[in-house]
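Note that the chains are named A, B, C and D in the order they appear, and that numbering of residues resets to 1 at the start of each chain.
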């Protein structure tokens, strides 16, 4: 049982109020779609939901089985894919997966890594440096890193940007899979992706 | 609700200052032990309290920085602005101590600056304050700025006493500073006047600090009054049909 | 002796100025605070 | 912790960024100092020759200075060493954090890693990095500037402990600098206050080791290292987390 509670979140940068009074309650199996044009605070809101940015007011609580997760347990409960999150270019795909698994203190095996790479369509490319990957392949690897921990909360920012059709199909499958695992937050401006949503949050609505 | 104003301790400072100045010049006799110009010994009344207050205000800054980072109301930007006000007052004190010391050094050693260890220490203390404000200016986001500068203020408050009191007394470091006069050779008149000045200077700097805090509080209340943010609520809306229909019509 | 009076005069000027500034600012702040309190109550 | 350290090590080996900044800086300034600053001669060497004897020595091709330096020379050479190391450390060490920010890997790291693990991993990496640079530059320094060292063990001990002290504090300052908009020179200014005790102790300690006179600051440096590292560890989370 997973529940994400956004309670009157506000955040200002410098003198500018970026996010004001955002509220939502998302439960297991549900998807929250966040829309709004560039600069409306989507990425900021996602950072707050992920727990790496503290809001000025309000809170973003992630509850699993009735217990609120502290930042330390969020490390293994949150998966996050966004264009401005980058993996280590000078490491191979394998080494990236290995590093993230270790810092998250996840049980790790060769088979699991292979399975993940296969799931995102990167089978056999594990030993290549990420620096040599195309942008689409890098996004796929980000999905692998996000899925490593079997996230109770999955955050996707512009999920299919940079991806080809097969990539988009993988994301589609993943979104379906997430419904059994927990909560999904999806930030997008692609009208095609609105169909995934159960709840909708339009950041421009408040003016 | 607001009964702070011109308190007794503030109004007492004027007469105290007048009295102490008169005592310093007409009651205390010039010192002959170790001073080129005996009259110049009166630097003690001014210079030594200023150097001590420079450090003291750095500790005050460190205290508010600890409160900001670890205290119960952590994240409260009022603590952060207190750190910066304390640093301002402390910087003013250290600058005054330095300039007065330079004047004294000109009289005593015929040069305003001779790289005496004490001069180096106070210069570095000034540099810590300057670095604090440099760091402050290079970050825009208030919370982040407050965290970075508070952490630095704590680092500085730990390093500063070492710089002021340990480094100049290392065995290999030789100072021309007439420290022995302070520790041993002051008669009771001098000691009394010196303490009086220390207390009054502490009062003046505390008053300055208090004014800065109140001014900031006033500005914060003003902007709060004229800024109806947070009235807005952006609420997530549920899809009318309710059920999830993934994969269906796009 | 002349130098002494110069010193005393200068310090009277500096300290007088500083105290005048401190008292003036304090009173001004006090007035503004009172004003804001009154507005709040109203 | 080990993961962060290994990752940094691997990444540094493939695309050197901290070591190149640090190593090149330290190397070039050492060479520059030895080329441009007169560190021998009358007043600096005990037995330096006076004018007439100097001419004679030049004419006959004899050695123009004798070992046996004055305290002034010892302090001068020590000061050069520590100043070079200080500037090198505070330009190079922040790279381990600015690299994460520039490559946009910091945000994800903030989500997935414990702050304490990051601090410890980066700290170990930085200490090893700076010790290696110090170990590499010391022979060059000895060769080019030719100090006379009466107590080599003390000399080495001061360098070892002082270097560790610098890198401990520089790790925290690096984290601060990487989060501020101002990435280049700020670390050098920020570091001076907290690191001056290390520099003073280091300079006096190595000078005393050269001259064979009293003055051993190894214990003082070790305690300062312990205190500052504990403090840095405490403050790091506040600087790192948003």
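Basically, a contact is a pair of C-beta atoms (placed from the backbone, for glycine too) under 8 Å apart; a residue touches a chain by one contact, two chains touch by 3 or more.
Note that the structure is a prediction, hence the values are computed from the model and not measured.
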| item | value |
| --- | --- |
| Selected pair, greater C-beta contact count between A-D and B-D | B-D |
| Euclidean distance of C-alpha centroids - subunit C vs subunit D, Å | 50 |
| Subunit A-subunit C separation of Cα centroids, rounded to whole Å | 58 |
| Rounded Å distance between subunit B and subunit D, as computed from the means of their C-alpha atoms | 31 |
| Approximate Å spacing (C-alpha centroids) for the pair subunit A, subunit D | 42 |
| Multi-partner residues of subunit D (at least 2 other chains) | 242 |
| Junction residues of subunit C, two or more chains touched | none |
| Interface hub residues of subunit B, defined as touching at least two other chains | 140, 143 |
| Interchain contacts, given as pairs of chains that touch | A-B, A-D, B-C, B-D |
| Contact footprint of subunit D on subunit A as seen in their complex | 47, 50-54, 71-72, 74-75, 78, 80, 84-91, 95, 99-100, 102-104, 129, 145 |
| Contact set on subunit B toward subunit D in their complex | 69, 124-125, 127-128, 130-131, 134-135, 138-140, 143-144, 147-148, 150-152, 154-156, 158-160, 162-163, 166-167, 170-173 |
| List of subunit C residues in touch with subunit B within their complex | 4, 7-8, 11-12, 15, 18-19, 22-23, 25-27, 29-30, 32-34, 36-37, 39 |
| Residues on subunit B engaged by subunit A in the complex (per definition of touch) | 75, 140-143, 229-239, 242, 244-250 |
| Subunit A-touching residues of subunit D, taken from the complex the two chains share | 2-4, 6-7, 10-11, 14-15, 103-105, 107-114, 117, 241-242 |
